[in-house]
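This is the structure I want to talk about, given as structure tokens.
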């Protein structure tokens, strides 16, 4: 049993790498998506809404498969780690779009009115008044998205990325101890989620003081 | 255009879909005049006020400030630039204060002058201190709005608007959201402004205050100006029935 | 290699069959997650301490780990203790338990949110604690929690794709069958995504009409 520990620790590192990269890509897509959905241009709003609808309305696993297995057909050759990260990142970005947009929209309308009344432009208002307030409010819900994202990295196991779930399955086969393998990888997932959760809470608390 | 007053509203009409909220309003305000607009809820008085600085643009009609048409029809970019510029000359105070919670009082007051008028940090701070002293809150300059009482918040809001040295101040039910004992401190500041001959248009429910401070009172009902005149006439000897009925309901307290 | 969508129509039947299985899995797991959620919630709140702890522990475990891992556990793990489940059953149970746990959290919150006055009114009339819970509190809690549970149903539908990994026949596996014959993954995974999207829309519409009927009955 002891011989498997190093493999699981390595796999945990891969899971962490996947999580970080996916989160960064997701936040980027989320910010772009939110900006698109709130744009003055109808075409951008439509693109944003379609992005959210399609990527939230279909299974993430299928999105991974389309990119990894189907990509070569349209000239996109990616290794499994990259394909998985990109597909999952764009997927979680659709959820983060709604989280970010929700936070921005929840800032009281009177704030915008006051800023515009003083003569500030739309962008100045967004930049100095609305976004600072929205940013504070979106930390917790984004934390929920990130929590789901960390567990979602398991979806790259079927395309053979050597992360925690893949490793668990691999060793279930050779050790015939599924419960132990489940518990080991489960524990590592929970540690990662716990640490990240604390980070989010800390960030949230700091944001409220400023 | 030369026979225009300081603030002129011509044939103002506003509809929200099928609902006509303002029907052909005409109003002329001279420099230094203080005008009160009273009336029941839904009369359109707030809508009229908010049309002056294009917060809720009119459906038809014109709004002029000192020879410049505020609600000019322009292509988007130019409209935005024009409106942002004009709004610097119009100060507005809201019923719910709308102070920026993530900035200190100092930050609230200096934000627009630094951003829009290019004031240096030192000059803006001096300006903020002056304006706060005027409203009697100099010591609160580094507090956050959440630590202030309602009356204090509104006084800061007034200082914030004044810091842009506007030509006219609009008050949209500035004391309606305040506890009764906090109303007086805000009224005092407004009285002070009146004595300094600031042009003011005040939408209010406070009849006594309107009577004591204003030069003219407009009574609005269902989107039209029913009656207008000096406070002595409107409050003591209203000519129209609707005015009489409204006042009877409101003053018999 | 390029794209050629003309191969797809001849596999409509396969995809339709797969979609049918997906719907069946979703319905079965959905029911399990609904009733399981209620049982878990009531046990976690009112059960004997010997039951409460395991349920809470189980919930903690299942909410903190990926669904795919849980499916592996159920499918491969039960074999270790001698239970050889067919993949379909393992998939439905895995999905059902996973979402039962999430539903249970929602239901617990909803039960606790029922106005205390309801309790007091019922107990004052002489109803026992159990009767009060069963007849008065829990029905109201469940009524209130149907919309958020609807969201979990939608998630369940999408997550049902994961059971293909343990070999359960459904839409994703059906697409893979077509791919193994035509070597056109892009076209068929896209077709599968399209089918999932349509079923999702139908499910959302169904949930919305259910919510409307519930709101009207108040």
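A, B and C label the chains in the order they appear, each numbered from 1.
Heads up, the rule we're going with is that a contact is a pair of C-beta atoms (placed from the backbone, for glycine too) under 8 Å apart; a residue touches a chain by one contact, two chains touch by 3 or more.
Nothing here was measured: the structure is a model prediction, and the numbers come from that model.
Taken as a graph of touching chains, this assembly is arranged as a line, each chain contacting the next along an open chain of partners. Chain centres defined as mean CA positions place A nearest to the mean of all protein CA atoms. If each chain is reduced to the centroid of its CA atoms, chain A and chain C end up 22 Å from each other. Note on chain placement: the centre of chain B and the centre of chain C lie 55 Å apart, centres being C-alpha means. Our note on geometry: chain A versus chain B, Cα centroid distance of 46 Å, whole angstroms.
Contacts from chain A toward chain C in the complex involve residues 54, 57-63, 65-66, 69-74, 151-155, 157-158, 164-165, 168-169, 172, 176-179, 182, 185-186, 189-190, 193. Of all residues in chain A, those touching chain B in their complex are 108, 110-111, 113-122, 124, 128-129, 132-133, 136, 210. Residue ranges of chain C in contact with chain A, taken from their complex: 1-3, 61, 64-70, 72-73, 76-77, 79-80, 158-162, 164-165, 172, 179, 184-187, 189-190, 192-193, 196-197, 200-201. Considering their complex, residues 53, 55, 80, 84-88, 90-92, 94, 96-102, 111-112, 115-116, 157, 160-161, 164 of chain B touch chain A.
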